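Both complexes shown next keep chain A, but they swap its partner, so chain B is in the first and chain C is in the second.
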Partner chain A sequence: MPPMIRREHDAERMLGEQFRAFRPADASAGRRDEAFTLFSEAGLPSRRIESWHYTDLRGLVREALPPAPEPDAATIEAARERLAAHAVPGAARVVVLDGTYRPELSDLSALSAGVTVTSVLDALSTGDLDAGLAAAQKLGQVESMLALNAAFLQGGAMIVVAPDTQAAAPIELVMLLSGRAPAATYDRSYVKVGDRASLTLVERHASLGDAKSLAATVLVAAVGDGASFEHLARIDGLGPQALHLGTTLIRLGADAKFEATTLVATGGVTRRQAYLEFVGENATAHLYGVSLLDGKSHADTTLIVTHTAAHCESRELFKHILDGEATGIYQGRVVVAPGAQKTDGKMLSKCVFLGDGANMYNKPELEIFADDVVCGHGATVGALDDDQLFYLRARGIPLREAQALLLEAFASEAIETVSVASVKDEMNDRVGEWLRQHGR
Partner chain B sequence: MPAVQDTVDQVKAIDVSEYKYGFVTEIEAERAPKGLSEDIVRFISSKKEEPAWLTEWRLEAYRRWITMESPDWSRVKHPPIDYQDLHYFSAPKGTAGPKSLDEVDPELLRTYEKLGIPLREQEILAGVEPTNRVAVDAVFDSVSVATTFKAELAKSGVVFCPISEAVHTHPELVKKYLGSVVPVTDNYFATLNSAVFSDGSFVYIPPGVRCPMELSTYFRINDTKTGQFERTLIIADKGSYVSYLEGCTAPMRDENQLHAAVVELVALEDAEIKYSTVQNWYPGDAEGKGGIYNFVTKRGDCREARAKISWTQVETGSAITWKYPSCILRGDDSRGEFYSIAISNGMQQVDSGTKMVHLGKNTTSRIISKGIAAGKSDNTYRGLVSAHRKATNARNFTNCDSLLIGEHCGAHTVPYIEAKTSTAVFEHEATTSKISEDQLFYCRQRGLSGEEATALIVNGFVRDVLQQLPMEFAVEAQKLIAISLEGSVG
Partner chain C sequence: MLEVRNLHVEVEGQKILRGLDLKVHPGEVAAIMGPNGSGKSTLSYVIAGREDYEVTDGEVLLDGENVLEMDPEERAAKGLFLAFQYPVEIPGVATMTFLKASVNAQRKSRGEPELSTPDFMRHVKQGAERLEVNPDMLKRPLNVGFSGGEKKRMEILQMALLEPRYGLLDETDSGLDIDALRIVSNGVNALRAANRGFLVITHYQRLLDYIKPDVVHIMSKGRIIKSGDAALALELEKNGYRDYVADAAA
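And now, the complex of A and B:
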């Protein structure tokens, strides 16, 4: 078959111009050029690319927003105010504003001994990337959006937890957009959890303004043997003109534990994708998520979980509540490589519709090349169960309250495992608040 | 738990090398020259003495086809097919419309006898009416050689004949419905079929008639270097019912032969069509040499209210299977069902599933798919369930389970579930596993041996589908899936 002929797209052409203007003449130039070539060859993902079928970036991105400039003093001040309002008690705070790491906004005083946080640009310019992180980074090499992120990389944090360090204090990674003028941000952070170490990372994405934005954000994590990593993410309060593309690349060692919970409650277009690979035996990964969507918002959750090693367990549970004309997408693929015997994988995506015009696309996939495994997936779509509503109403609970009760229970199942009490409460409160805003 | 020895043995028993229907019938054939061109399309059309509109219809499909590209999205791998290296028409000599079975070449009759297909209408013995009679249309390469019980069916107004005959006897029906479910431009193989389709069955059930017997078509590819491109069209008029069975076999050859069929079903108000397939094309040898490429487009249209279409398939043969029997649920309250057992062994590749497209109000559908992969085969379920914005109260239940036997096979599930109305309720579940330790433990605790327990569980695994098959086919299917049933274990 002849190669597909791809018409050059306005945004792609603009990105080329922007790249030539942006490209810093430092040691990173070669790496950036290589990444940009990769991106130009693949282009913006379109609906013809299977994994982007429901989130057609070629159709959505009409013009390429310029990379965000260094934030000015006023922006930093506004960010400081916003940050003061929200804090995870006892946590160290790492702030990335408009794509760049801001030490002046960060607060590392609570950082546990054995944990270091540095600017990612400094870390990349001074030495080679850790082998585990480099391998994890390769998981997403098929993605042209990751190549774009590497080409335009503005900043991010390098978080390293030394072996045998139990980081008692969570690290809060706040990604703020100034939202004053239309802009694109490209940040990438790395998390290295050493052997037998543990870390909780609370990631938060928010915007100070409503200007059009594109945020291509990447988190690369290497979790060592016997280590445990908890990743709690919240994408909240981005405006209707926001395009958020978040990618997580994770590699798990033997006996490692990974727990992730993601709450998406925002406007605009969101794509959260995770590539996870089990490279050592007996590791477990639990991925949970809740999406609360309304208006014309669009949220895509895409997971590729690859079992390369035997005896690992993966669990995915995603809940979607859709109002208005929102579009929810869940694509999950569990791959069991030859030899990954005794794999135990379960995936579940559940959707409740509140609005008449909402759409839900589910695509849970299994790709299995080993025989001694137990894998399954389920997907449901529907309105609230009439029987359950009837049961509650028969006990004197008014309709509205009964609906809220059931919806809160529905969502909270995916939030239950969060270990940081304040984050868990915050997430549950957000669900309650969202439901009240939507008349439930 | 690894699959127990017995189960493994039974899979071996239906192994590709054990293919029973691989003989060749030595019979003189009349063929079109190799290759595909407008002339060949005209040649096929003139062989069938078709009216001008149909020749034009074929030519249009051909012109469209040459602009299309072979699809590459399915999870199957094969070398590119040389479409110019095939005979698009092959008919046993002297079959131009035999009036009775006595005129049919006895060699052909022996072939069908060997395959176990009764072409002679069963005589009434000692005044006892035989039960479970089946009318058969036998398609040999590109032509239908015999159709049984035609006269008796005609008494109730049922039309059952080769489609090449229907073009002449019922042109208005053919013209109205041909290509109305699977448009000429639908996909690469359907378009190819539209250009060069040879024979297949045509069924029309008049309003309010319950077809008095099972109808069946038996497809046989015999000639070398040919493809089979049959076309089946079934129309169930208001309030009627028909159950239709389809079986297929081919000789063992080193070459890959192409089978690109199109099946169209139309169910009008309150009508019901039950379509069952036991597909046993030659799967190739243990190294994956030879075998049929089975690239089939099957689709049913529940065109009016309360229509029902049910597909049941047992897929054991073919080197590559690529088919998605689908239901368009257009009429309000219509219902679609899909029951499938797909077994792959040796080097076989299966990419099969269904599409349930909910367009009407209160439409319901049910999908039960059981895949069993053994040897070095790959078995993929690919399915779509979608509800249009106006398809209020659409309901679907999907269950696809896969069983893996051996370390070198693969089982995959690729479902697409698209809901565009908030009143839809879709439930999907899929599992892939070996036989569960818990189930085995439970059975053994109650005194069953390990082998018995396994037999019981495997039997349960495919039972949901087997019980959907008509009696006649269930027996054949049971033999084919010897791995799964009580009688065959212990």
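And now, the complex of A and C:
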């Protein structure tokens, strides 16, 4: 494609200045320069790029927020207090605060044998990236925001599960923003699940304050042959001035199993995108999610699932409950490459409106280049089922309570596969709490 | 008493009920029989409060109080219960959760204290045993994957737990085999009481062998056109609806 003639955006110009000031004079400089050049060539994604049509960053990002400084002692103390209030029982905890990995806030004592966690900056400076992770990372090479993330990379975790290790203890990856002053954070974590190994990662994004923020967060995962990886993510309680861009890049080996559940219940603008590729046969991937949106919040779920290998199964199930003037977006693309015969793909996105001021854009797509596959997709937008409501009311359950029961059930379908009981309960409780806050 | 007076109902401009009058006294089992399309199910939905029906005239009085102005949940709390012809499947809502929500919502609406969990469980267990409802069903999502017979038994279990003043049974016998019919009928008969009435809507006399009616009404074209005792149902079984339908049309 010939380069588009593009006027430099104020934010892009500011990012250039910020990058020159930020760029550390260490071994990472060359890598960062290369990434920033890539970003500069493409610029902020705009509505002219189809997959960013509904989340136009050139329109949304008026000014580039400066990279968050290293957290000071008071911020670390505030984070410690917040963290103490919440923990996944039996889990090891990895904390990233304002983009940087904080060993002093992390607790790795529960880590299962065969699992290692190190700082991503250390890991990248001491050796080449694992080939599987490098391949997974490439899935996102068309995304300019990933190049920006690489240029400004502040920190994150390198998580490695040795082959044949069943990590009984989940790893909680907490991404906290201090939210004291307007700032941008750029973190990236890697998860390598060795052959026949297994891991559950509980990712949580939250903010201690309401200052304007841009969080560009990336998770790269390589799941080995016969391995299984469960990824549970919750983006919750970010303020109306938050812009959260979360990308997951994941590559699945033969007979691998991937289960993902994402709960988005937050203000501001959220984009969760996942690139997933099946590179070995007989693997399965289930991607589920719930979005609870109100006010003027905007949440975009974009999935690109590529079946390169034959005999794999993909399932996507996303539920959206929208109130106020919120905007929900679901873009799911399933690509079946030539030769990926016997692919079994099903995608469903369902939305319920609580009021009449909200908007939902549902865009499921199938691109199929193989002839012996079973693929389907569906999308619904609307209100609750009248027959179900009447049935409950005819049993004496008042309208609001009946609606709440049905909405909780609606959301819980996308939560039911979560294997960690405490996380599952918390997600369901959060749905109930959100519904009560919205008069249901 | 449950009394329907001169009820006229339309659906999308179509007249379904045309001046229906009916009384069900406490302690009475009244059966309504009639051919397809006579408006039997419409009558039960209108009494229970379904919104898709337009009542153009008439009243439905529960002990003298017109229920047509009430929400369905209010009618339920006042003691009206509709056993659905097609019980609705509700994925994601465990049957037990639903039962507890409905029992306690009605108690709350009447100003009674909510049942404690142990009391409630005991109550459910007794009812479930009588209706041969497998306790595992109570953990499953409401009506999801239940057989036709299981759904109908679940309806009667709900009626037993909610102890209504009047039970409306809308073709509860449809889709039941003989064993299920016996179980369901026994469940209904166990609830017969001096202060409770039933309106049993059915196509077939067979159900009335199990649930003996005190009075039988024949409905056609939106009205009750003949009433009698249990013998009327037997006569219908022999001669069909033909005579009555012709009468009504005249």
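One rule holds in what follows: the second predicted complex is superposed on the first by the 437 of 440 C-alpha atoms of A that agree within 3 Å, B and C clash if a C-alpha of one lies under 4 Å from a C-alpha of the other, contacts with A are read in each partner's own complex, and residues count from 1 in each chain.
By our rule, contacts are C-beta pairs under 8 Å (C-beta built on N, C-alpha and C of every residue); 3 or more make two chains touch, one makes a residue touch a chain.
Just so you know, these numbers come straight off a predicted model, no measurement behind them.
Student: With both structures superposed, pick whichever of chain B and chain C touches the larger number of chain A residues.
Tutor: When the residues of chain A touched by each partner are counted, B comes out ahead.
Student: Regarding the shared-chain residue A:70, is it in contact with chain B (first), chain C (second), both, or neither?
Tutor: So A:70 meets neither chain B nor chain C here.
Student: Return first, second, both or neither, reflecting whether A:387 touches chain B, chain C, both chains, or no partner chain.
Tutor: A:387 sits against chain C, while chain B stays out of touch.
Student: Of the partners chain B and chain C, which touch A:375 in the superposed model: first, second, both, neither?
Tutor: Touch status of A:375: first partner only.
Student: Once the structures are superposed on A, label A:361 by its partner contacts, choosing first (chain B), second (chain C), both or neither.
Tutor: Only chain B is touched by A:361; chain C is not.
Student: A:338 in the overlay: touching chain B, chain C, both, or neither? Say first, second, both or neither.
Tutor: A:338 contacts chain B only, not chain C.
Student: Does chain B (first) or chain C (second) touch A:410, or do both, or does neither?
Tutor: Touch partner of A:410: chain C, not chain B.
Student: Taking the superposition on A as described, I'd like to know which of chain B and chain C A:8 touches: first, second, both or neither.
Tutor: Neither: A:8 stays clear of chain B and chain C.
Student: Regarding the shared-chain residue A:396, is it in contact with chain B (first), chain C (second), both, or neither?
Tutor: second
Student: Can you list the residues of chain A that meet both chain B and chain C?
Tutor: Comparing the two interfaces on chain A, one with chain B and one with chain C, no residues are shared.
Student: Which of the residues in chain B come into contact with chain A in the complex?
Tutor: Chain B reaches chain A through residues 1-3, 69-70, 72-73, 389, 402, 404-434, 436.
Student: Contact residues on chain A for chain B in the complex?
Tutor: My answer: residues 1, 50, 322, 338-339, 351, 353-383.
Student: So in the complex, the part of chain C that touches chain A is made up of which residues?
Tutor: Result: residues 48-52, 71-73, 75-77, 81-82, 84, 87-88, 90-93, 97-98, 101-103, 105-106, 109, 141, 158, 162 of chain C touch chain A.
Student: Okay, in this complex, where on chain A does chain C touch?
Tutor: 386-388, 390-399, 401-402, 405-406, 408-410, 412-413
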